[in-house]
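After this come two complexes, each holding subunit A, first together with subunit B and then together with subunit C.
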Partner chain A sequence: MLVYLRKRIISSLLPLVVVVVGVFALARLTGNPASLYLPLNATDQMRADFTARQGLDQPLLVQMADYFGGVLRLDFGESLRTGEPAAAMALRAFPATLQLAATTMVIAIVAAVLVGCWAALKPNGIADRISSFVSMAAASIPDFWLAIVGIWIFAITLGWLPTSGVSGGEAWILPIATLMLRPFGVLVQIVRGAMVSALSEPYIKLARSKGASDARVVSHHALRNAAAPALTVAGDLTVGLVNGAVVVETIFGWPGIGKLMIDSILQRDFAVLQAAVLITAIAIFVLNILIDLGYALLDARVRPTVKA
Partner chain B sequence: MKSSSASHALRSNPVILSTVAVGSALLLSSCSVANSEQAEGDGAAASDTIRVVLSQEPPTLEACEANLTSTGVVVRSNVTQPLVERNPTTGDLEPLLATEWEATSDTEWTFKLRDDVTFHDGTPLTAEAAAFTIDRAVNSDLGCNVEGYVFGDDDLVVEAVDDTTLTVTTATPDPILPLRLSFVEIVPTSTSTSEKVREPIGTGPYAIEQWDAGQRITLAAYEDFWGDAPAYSKAEYQWRSEGTVRAAMITSGEADVAMGIGPDDGVGDLGVSYPNNETIALRLTGDIAPLDDIRVREAINYAIDKETIVGSLYEGTDKVAAQLVPAGIVGHDEDLEPWPFDLDRAKELVAEAKADGVPVDTKITLVVRSAQFPKVTELSQVLQEQLSQAGLNVELKTVETSQHLQYQLRPFVTNEGPIALLVQHGNQAGDAAFTVEQYMLSTGAQSTFGTPEFDALIADAGLTEGEDRQAAYEEVFGYQNEHVVQFATIAHQTGIIGKSANVDYEPNSSSGDELRLSEMTPAN
Partner chain C sequence: MSTIDTASTPSPVLDVKGLSVTLRTPRGTVRAVNNVSFQAQAGKTLALLGESGCGKSMTAKAIAGLLDPVAEVEEGQMILDGQDLATMTARQRRKVAGPQLGIVFQDALTALNPVYKVGTQLGEAFRIHQKLSARQARSKAVELMQRVGIPEPESRVDAYPHQFSGGMRQRILIAMAVALNPSLLIADEPTTALDVTIQAQIMALLRSLREENNLAVVLITHDLAVVAEEADTVAVMYAGNVVETGTVAEVFANPRHPYTRGLLESVPVDAVRGSTLSSIPGNPPELHNVPSGCVYQSRCPLVQEVCRITRPELLPVRPASATAAPGVHHPGTVAQAAACHFSEELAHV
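Let's look at the complex of A and B:
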């Protein structure tokens, strides 16, 4: 287990460094942010002062060395926009996204497993057709449109929910409903497919012939074998959400990492962008390890290599 | 996994397992984060709180950056105050922290300050604090935005003669120094001079109570405010980047005032429009063929059907523009006629230029900034079509803010041939000098060309005062339309704020830059 973790950490360091170096270099290719931060009528002298103050007049390699020197001392630089430490801004935004993503995925997975199993019990039955239609629709509706329509129906017309914001449990409902629809739709399809094939296996017939109930057959025999593909896809979908639910964060005023990254890109706020990318990359790395562990628990064939 | 029994339990129930593996670990790692404010709740805001929704979170509330719209809209006149302020309707300077001021020599101005003002920390306002503030904002290495915005490179010499008398000396005569100083928000001497301050102390009717980063800013009325107490004892700012959501917060009663609403955002009857001082225009690179021929630039002016644009895209609220500044700005010429829409004349001019060997078929790039203002995409398509009708070869290019600035500011993008740049110009200062020196002087930071005669006209106008100043800048705008034609002005814009029926407030041309909470009262 520890050996496995150590291997994973070492093999993930390279991608992390590549991501951060890449973002560092690419961000600087987009040009000097001086004109964004100085008044339109700034003089050349003011531009030069700004560039020097931000160290942007140095060669790229020198800037990079400075930056990574800082990172090793846990100094991620300051935001150009707000003057706050970049790490503080990223660390403040990230948990908001994480909470949203985690809650969304838990609900999406539970709902998808229930609906997927229900649909798989009688392929092409009425339940299957309904769930197939609903999940297809859920997976294809653009979240921007859905969010606006949700606000229009539930906040404006019915007045049941707040339009946006993060205060109070009610404010979570629309963002989560918007976010979970796509993962839910995709996962229902996966779970259904895996369950249909699992339920046609000989061991299921054996279980049934021993007199096991439908519920027991599904939960104890079929679902365990159908869970692996669902876990893979759920993992991918979670990574996507942790990466920043940009559209939902933007519309609902959710102060998360996706919104922070987009704003930092548009405002050429390099230090914040880098801090946000780094923290997201680390989170995705941790998430991938969790998914691997989940696999190991599900599938005996994977487990020994992990325990080694 | 260490515990085999736990592992067994999990293995026997894969539903729980997959959920736990992917989701719950994340939940555990992130508990107690974004919802620390649950107790307050949006709906709970009582009627003594005015709730404002902005289009973005202020990057900072630093007083010396208050000329930035996103900062100033919260800070100016609410938290901090300047010595004098410009009345956005009349354009006159009015006393605020200073009761009177006069030019005591060509280069020296003397200000008399009120003696009954205290900062939110209880310390009295003195001339020393005013001198300190100006010094900090203009002469320091902080890189304050207001320094570049209104003062340029020259330092000011400031002196507190006594507790209530301040003198400010400029390097060269500056007839509009008091107007420039109306952008400097006064802070106490305890303010840091080595770094910017995100939450300033001021003399305004409200003090900053709390800033929950990413969520909201609350202000509380300052008990010892020197003027009349504001009607609302608290103010709460939130921000949403989508106009439709801001509008929805008004219609659903979650906010009282919403800034920056577009005509299609669905605010309905709760939208109040106001002239926002912004003017839109095409700026033409007059040094690159075929735009170096004045006939082609005139043709562009004739080809744009401004009446239709204003009437159909902007529902008749915008006004067709003849110059870069709207009414209310010193130098605006009420009698200057906008270019008429005359497609035939435009075609003639292009044909004439072509006959003289001007390469009118050269591709002209129409550069616009995405989401710069409502319906900018539709407008740019209309412009492209109308210029094409006149016989020009126009290609549309949409860019984001940072790229747009590379076209807008010197050194310009030069390797893309002739460019018609859609600019949105807002003159917050109220004096044409701020526009003309930027956009029309041949060396102006946002001007692609000019002529020596025009430069001389502009330089002379800058030295004039009073009625002469008005006349001098009127002449500048007339001259640009007749002899230079760097611009094809389109419209003076109108802003919309959303306002709930519970609040009385009349927005004016400066509402977008400084939203005075003290002017808001509960509706009866």
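Let's look at the complex of A and C:
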């Protein structure tokens, strides 16, 4: 297991470097921060001074080498906006995203497993048709539209929920409801499909031949076999959320990593953007390793074998 | 034991009477099993013999209560230990599944659940029916593995199905079926997926379990050699119907239905290399258009006008040897019967 982990960590180093290089280069395409941070009537001399102070007059390769040198010393630079260390800002925003993503996914997975199993019990039955329609709709509605309509109905018209922010439990309801709909819709379809195929396997007949009840057949014999494909898709969907639910975080003013990224792009706050992307990339690699461990836990056939 | 009567004609463990199973298909409802009757006696093996699609597996699934949702028992009785399975509720059937009736499936690799240890799966019957703890069920699983001849059961009990060979997996399936000492064991092509040497071992295991536990075995197979070696009685099925039944000795020595005869003639005995093997021309009728007369008419070499009009019933035949009168037979055996208008003529062909 440790051998496996070491291999995974080493093999994810190169992609991480590629991500950082890519973001480093792309961020600089947005323009020179000098035009944002200096007054409109700033002289060319002031602009040149600012650019030189930020090291932005150096060739791109030199800037990159400096940056990587800093990363190795765990120095990610300072925010142009606030002067705070960029890493601290990213680390502060990340838990907000992680909490939102985790809560959303837990609710979406539990709901999708229940609905998916219910639908799979009688393919083409009434439950299957209803859940197919609902999940299709859930997976297809754009989240920004839903967020805005949600705010309009529940926050503005009815006044039940706050429009934005993180104050109190109520503030969680709209963002979670908005975010979970797509994962829920997609996962219902995946769980349903995987359950239908698992329930038609011969091992289900064997379980029934031992007198297992319907509930036991579904929850014990079929679900664990259907879990692997669901895990793959749930993992992908979680990656999407951890990546920063950029649009939804922006609409609801959720102080997460997605909002931080958007803000730092708009402000050409390169150091913060780079730190935010790096922390997200690391989180995604960790998540992928967790998913692999999940597979191994579910099914002995995919466990990495240690050669004697 | 109390009277001579019950001792001489023991009541069968399984008595199937007039079983019909219908199947809903996109092209309409068809009868996959039509008016099938047979009996299985304790300590004996009954073979259901026939080619693919003849309804033998469907019959087995109907008895085991494992029909797919598109199939349904239309009529008939399946009396197991005096209770009719056909009239039971799903809950009652679950109580029977395991303690009274075990089934061995054809392909052990797909029949075992890939994500659970074999010990967990072997112990499941005990957990469901006897409410044993996981620890107790595990030790029962070890015992079972010992009983079916799996080496090192103590360590193998925690292995997964894919870590066993095909023959060992089949042993595990058999162990599962006999876990709760049922009175009836249905073996649905138990050796088809195995190579020949392993086949012989598996059949020997089934035989010894049958003898030790006085099991009634219903053996589903398409293999004439297996029937000849393992079975006491045989029911030959064709297009959902039993066309001939009787003791294996009688039926194989003196087949009284042209289909049985055709099957037996297609076995190469002393075949010379290069000589043509005999086979039955044509294919079984599709279930959508089984002819109204005899089901075998399209392939029968002896077909007459009457065969196209009237379907022959399964009737006792006059024994070929003159030692016994028709209908009179040894206790516990089955009188030979055939569903053919010309079964008498066949005795002398």
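To be clear about the criterion, the second predicted complex is superposed on the first by the 301 of 308 C-alpha atoms of A that agree within 3 Å, B and C clash if a C-alpha of one lies under 4 Å from a C-alpha of the other, contacts with A are read in each partner's own complex, and residues count from 1 in each chain.
The rule we apply is simple: a residue touches a chain if its C-beta (ideal position, glycine included) is under 8 Å from a C-beta of that chain, and two chains touch if they have at least 3 such contacts.
Being a predicted model, the structure only gives us computed values, none of them experimental.
Participant: Using the superposition on subunit A, tell me whether subunit B and subunit C clash or fit.
Facilitator: fit
Participant: Tell me which partner A:231 touches in the superposition: subunit B (first), subunit C (second), both or neither.
Facilitator: first
Participant: Output check: A:7 vs subunit B and subunit C. Expected answer is one of first, second, both, neither. What do you get?
Facilitator: After superposing on A, A:7 lies clear of both subunit B and subunit C.
Participant: Which partner chains sit in contact with A:129 here, subunit B, subunit C, both or neither? Use first/second/both/neither.
Facilitator: Neither subunit B nor subunit C is touched by A:129.
Participant: Figure out whether A:207 sits in contact with subunit B (first) or subunit C (second), or with both, or with neither.
Facilitator: second
Participant: Between subunit C and subunit B, which one touches more residues of subunit A when both complexes sit on the common chain A?
Facilitator: The partner making contact with more of subunit A's residues is B.
Participant: What is the angle, as a multiple of 10 degrees, that the CA centres of subunit B and subunit C span when seen from the CA centre of subunit A?
Facilitator: Vertex subunit A, arms to subunit B and subunit C: 160 degrees.
Participant: Who does A:221 touch here: subunit B (first), subunit C (second), both, or neither?
Facilitator: Once the two structures are laid over each other on A, A:221 reaches subunit C alone.
Participant: For the superposed model, what is the least distance in angstrom between any CA atom of subunit B and any CA atom of subunit C?
Facilitator: Here the least C-alpha separation of subunit B and subunit C stands at 8 Å.
Participant: For subunit A, which residues lie in the overlap of the subunit B contacts and the subunit C contacts?
Facilitator: 224, 298
Participant: Which part of subunit A faces subunit B closely enough to touch in the complex?
Facilitator: Listed in rising order, the residues of subunit A that touch subunit B are 1, 30-31, 33, 35-43, 45-46, 49-50, 53, 81-84, 89, 92-93, 95-96, 98-99, 101-103, 105-106, 109-110, 113, 148, 151-152, 155-156, 159, 162-169, 171, 219-220, 223-224, 227, 230-231, 234-235, 238, 242, 250-255, 259, 266-268, 287, 290-291, 293-294, 297-298.
Participant: Which residues of subunit C touch subunit A in their complex?
Facilitator: 64-66, 94-99, 101-103, 105, 107, 110-117, 121, 124-125, 128-129, 160, 162, 173, 176-177, 179
Participant: Taking the touch rule as given, give the residues of subunit A at its contact with subunit C in the complex, in rising order.
Facilitator: 201-203, 205-213, 216, 221, 224-225, 298-301
Participant: Which of the residues in subunit B come into contact with subunit A in the complex?
Facilitator: 1-2, 7, 10-15, 17-27, 29-31, 33-35, 37-38, 40-43, 59-60, 62, 67, 141, 143, 145, 147-149, 152-153, 195-196, 198, 213-215, 238-242, 244-245, 248-249, 251-252, 254, 400-403, 405-406, 408-409, 434, 437-438, 445-446
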